[in-house]
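Once you've had a glance at the structure underneath, I'll fire off some questions.
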Amino acid sequence: MSSAPTEGFQRSGPAGRTGNVLEVRDLSVEYIMERGTVLAVDEVSFDLAPGEFIGIVGESGCGKSTLLFAIAQLLTPPAAITGGSVTFLGRNMVGLTDRELAAVRWKDLSVVMQSAMNALNPVKSIGSQFDDAMRAHGVTSKVQIAERSAEVLRMVGIDPIHLKSYPHQLSGGMRQRSMIAMAMLFTPDLVIMDEPTSALDVVAQRSLMVQIKELQEELGFAIIFVTHDMSLVSHFSDRLMVMYGGVVAEFGATRRVFDTPLHPYSVGLLEAFPSIRGPRVPLTGIPGSPPNLASIPPGCRFAPRCPKVMARCEVEPPPLYEVDGTLVRCFLHAGEERGND
Amino acid sequence: MATLQTPPGASEAGAGAGAAPGGTAPAAAGLPLAGGGSIGGARSLRRMGRAITANRKATVGTALLVLFIFVALFPGLIAHDDPQAQIYPRGLTPNAQHWLGTTSFGQDLFAQVIYGTRPVLLIAFGVGLLATVVAMLIGVAAAYLGGGWDGTLNVITDVLLVIPLFPLLIIIGSYLHGAGTAVMIAVIAATGWSYTARQLRAQALSLRNRDFLNAAKVRGERRLYVICVEIIPTMTSLLVAAFLTNALYAVLFSSSLQFIGLGDPNVTSWGTMLYWAENNEAFQTGLPLWIIVPGLCIVTLGAAFALLNYAFDEIGNPALRPVRSMRARTTRLAAVNTPVARRRPRVKRTD
Amino acid sequence: MRYVLRRLGFFALTLWVALTLNFALPRLMPGNPALAILSKFRGGVSPQAVKVLEAQFGVGTHQNLIAQYFSYLGNVARLRFGSSLTTQPGASVGRIVFDAIPWTLGLVGLTTVLAFILGTGIGIVSAWWRGGRMDSLLPPVFVIMTVIPYFWIGLVLILIFGVKLKVLPYFFSYNFSLTPGFNAAFIGNVAEHAILPAFTLLITTIGVWILTMRNTMITTLAEDYVRMARAKGLPSHRIMLDYAARNAILPNLTGFAMSLGFVVGGAILIEEVFNYQGVGYLLLQAVNNEDYPLMQALFLLITVAVLVAILISDIATAILDPRTRAAG
């Protein structure tokens, strides 16, 4: 494993007054279509410190992937950011053009997608995809490019000879790891990952996670990791965000959220993953299905499925409350301090 | 299925159908497939109806088509002269009695155009139906029977796709010495089914493993039943698209053949009109309408079919629909920049 | 490699089918059409040519069907197509066809390639610049362009530029008072005569390329790897070309191959309308004169030309798409 990255590929470091890598404030995303708009992300806010690992979990359709792409400014029509700000290294990225964002992209912020088979250009070799990323950011020396490409591949345990290979010639795990290697090219401050392990088998999943964690500890970048598999991410993340219906349901230190979930939805999620070593308990799921985001019901979005629902829940939507450092959007914890909403 | 021009509105499904046997499997375009059986068929039709009224191209196409059908059915209501009668003064320019003037033979041009609609539509619908049925049988059989049958049928389809159809039609037409409408329908359909057969096979393939088919199999239904009652109704939208494609080809092909002189000279149709017009040097003798009007009719009818086909493509593949421009703060390349919509007034939540 | 071999095998098969069609069709038609013609012209045709024609059409021979078939195939292999019966009585079919080829190659070949390149380019750009009123207006325009009959638009252009404005010639491939030669005057004249037919072919065929390229491009732009290219901060033109267009063009190459047969049809009509003495014009003359040997030879030629073009596009696909090379 290499130590410090080679000259020219080191991290620029967080700028801005607060020292946070990322500050998301009231970010909202809507899908604007002919028959109406769908609110996919509703005023989500959070901060990310340097080197921090945040996991975002939730069911399909809860808006977590949309949130991710909105942060990275990679949405495509009909999705659009309709409010809020995304301050990355001190600069608000919302509304900037691709050309203005190019300087920051990949150098300070990189993306790892779910399926490498779809995310890698099928007609270009791995090496040439590394190459064009580097050239786009001013690295022109062929020697430098070759060295750095080989270096990042070795970091993820792939023989650099595969730079000549095409994506379809590699195995699924190798493809995924080469995508991660590509994300490491400029040792960014933040790496955004959208379910990078979902396409792999369980063993490969675990080894990939370990690899990611090792890279993070060595190179010091922050990670936002989106997944539907809560147990997978809970071993590696510092903080855990549970999303439901486009809003943050619970957000706090991973250990805290995992061991003592506060929101009934988080409780339900955890109970759906029985421990392999613990006592045998009957498997409980969460009855019902996620809300239709095209017509959001009044009140708490989880109310129709909540085992602890109260009358209040169906009328007014709960704000975020803070309980011992954990934010939770539930009236059960009303009376605690109001968190930032 | 060929006309002189490759089918417009050929979605990825069409263009992606490679000539290589077993090449890229085209994405099965078409309406969101409803689930199984005849219920699926009826539901698909209703959805189609709604989609047609919603899509502007589809409404224009349908309106034009209805107009043409009306003219074909009741030509006598619109034109009052016998199209074949060479009784009028020759080479007249448009006037009150002859809205489009007369031909070099003294026939009323307007009447010719109106009466000429029926043979064209007959051929269009005849070929459309016949070719689509053949394409469906072969395509679905290939997909469903699989294995050796699939391979053989595919090779036959591909060979027919590659052989230049228009020269072949010319040769056959020449051997047959200008046979009538029925023969023309048969010949065009017999040579042109291959294109749509490919598309139908692709969609049938993608349906093969759907759950509702497995459910039918488990129920113990026989293969033929499954094919007829479950698969085919689900493919309604693609079948309609295939019909439109084949009809379009038929119009363009048949008028081209007639233009060369291989059609039935006794039938008044737009293609034969053009044949006579060119042979009598309509342009040079100051009768441009003789050429312009029948040609425009062909274009309009073809456009009706093509617009409908394209609209169906859009309905089945929402990505192709016009992108609604969003009010954004800076200039956009809509395909690549992150859209930011104007901040809308949010309803403040009361806590 | 295996991929190319497989394609070659397919072409051999198609060629064989075309040959067999040529053999079978006249025999299937009510009353062998060649019979009448041959008996009329037997006198003016050389004995060798007669033998070839007999094998081709099965008249006046004593061989059975199978023997005729193999004689026919043998003749084709030796490029013996017999003599023209009526168009240029007695002249070798091979020679007549050979003389017409360069005209068609120049007009149709060049124009088709140009239409493909232009059409693809416009399709790429029109998919890239989406949004706004153009997006809903242009595609129907392109669609309508694809349904205009080749011959009709040719006639209209003749009316406008040839008859009314009298600026361009529209008859034959060059002015017959000039003697052919590689001099500026002649070449200029040829070019002048080629403008209208080429333009006609261009505007009727380009619509299809534009539409199909645009459609595949739009679908490709939604792919994850394009989003990834944006995420990497690559400049727009690089994303458009290297990531989107390079992938979008692949299905279009095969589409190009398939539609060649139809372009051929259009070329025939355009040559007819403009009296341009290429292969298509010759075919129609042969049809009008019931010159069957000439017709058959031309059909074979056209088929072979289409097959060759398809082979070229297949090779191009193999070069551009590493996955086909792997599949073999």
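For reference, chains read A, B and C in written order, and residue numbers begin at 1 within each chain.
What we mean here is this: contacts are C-beta pairs under 8 Å (C-beta built on N, C-alpha and C of every residue); 3 or more make two chains touch, one makes a residue touch a chain.
All of these numbers come straight from a predicted model, not from anything done at the bench.
Visitor: With chain centres defined as mean CA positions, report which chain is farthest from chain B.
Guide: That would be chain A.
Visitor: So, comparing each chain's Cα centre against the centre of all protein Cα atoms, which one is closest?
Guide: B
Visitor: Using mean CA coordinates as chain centres, what's the gap between chain A and chain C in Å?
Guide: From the centre of chain A to the centre of chain C is 53 Å.
Visitor: Could you put a whole-Å number on the gap between the CA centroids of chain B and chain C?
Guide: Here chain B and chain C have centroids separated by 22 Å.
Visitor: So how far apart, in whole Å, are chain A and chain B when each is placed at the average of its C-alpha atoms?
Guide: 47
Visitor: Among the residues of chain A, pick out those that touch two or more other chains and give their numbers.
Guide: Residues 74, 76-77, 98 of chain A touch two or more partner chains.
Visitor: Two or more other chains touching the same residue: where does that happen in chain C?
Guide: 131, 222, 230, 236, 250
Visitor: Taking each residue of chain B in turn, which ones touch at least two of the other chains?
Guide: 323-324, 326, 333-336
Visitor: Please name which positions on chain C make contact with chain A in the complex.
Guide: Spelled out, the residues of chain C in touch with chain A are 131, 222-225, 227-236, 238, 242-243, 246-247, 250, 320-323, 326.
Visitor: Which residues of chain B touch chain C in the complex?
Guide: Residues in contact with chain C: 2-6, 8-12, 14-21, 23-24, 27, 56-57, 155, 158-159, 161-168, 170-177, 195, 248, 252-253, 255-256, 259-262, 274, 278, 283-284, 288, 291-292, 295, 298-299, 302-303, 305-307, 310, 313, 317, 319-320, 322-326, 332-336.
Visitor: Which stretch or stretches of chain C touch chain B in the complex?
Guide: 3, 6-7, 10, 13-14, 17-18, 21, 25-26, 29, 33, 127-132, 135-136, 139-140, 142-144, 146-153, 155-156, 158-159, 163, 204-205, 207-208, 211-212, 215-216, 218-219, 221-222, 230, 236, 239, 250-252, 254-255, 257-266, 268-269, 272-273, 283-284, 287-288, 290, 295-296, 298-299, 302-303, 306-307, 310, 314
Visitor: Quick one: which bits of chain A touch chain C in the complex? Just the residue numbers, please.
Guide: Per the touch definition, chain A meets chain C at residues 69, 72, 74, 76-77, 98-99, 101-107, 110-111, 113-115, 118-125, 132-133, 136-137, 166, 168-169.
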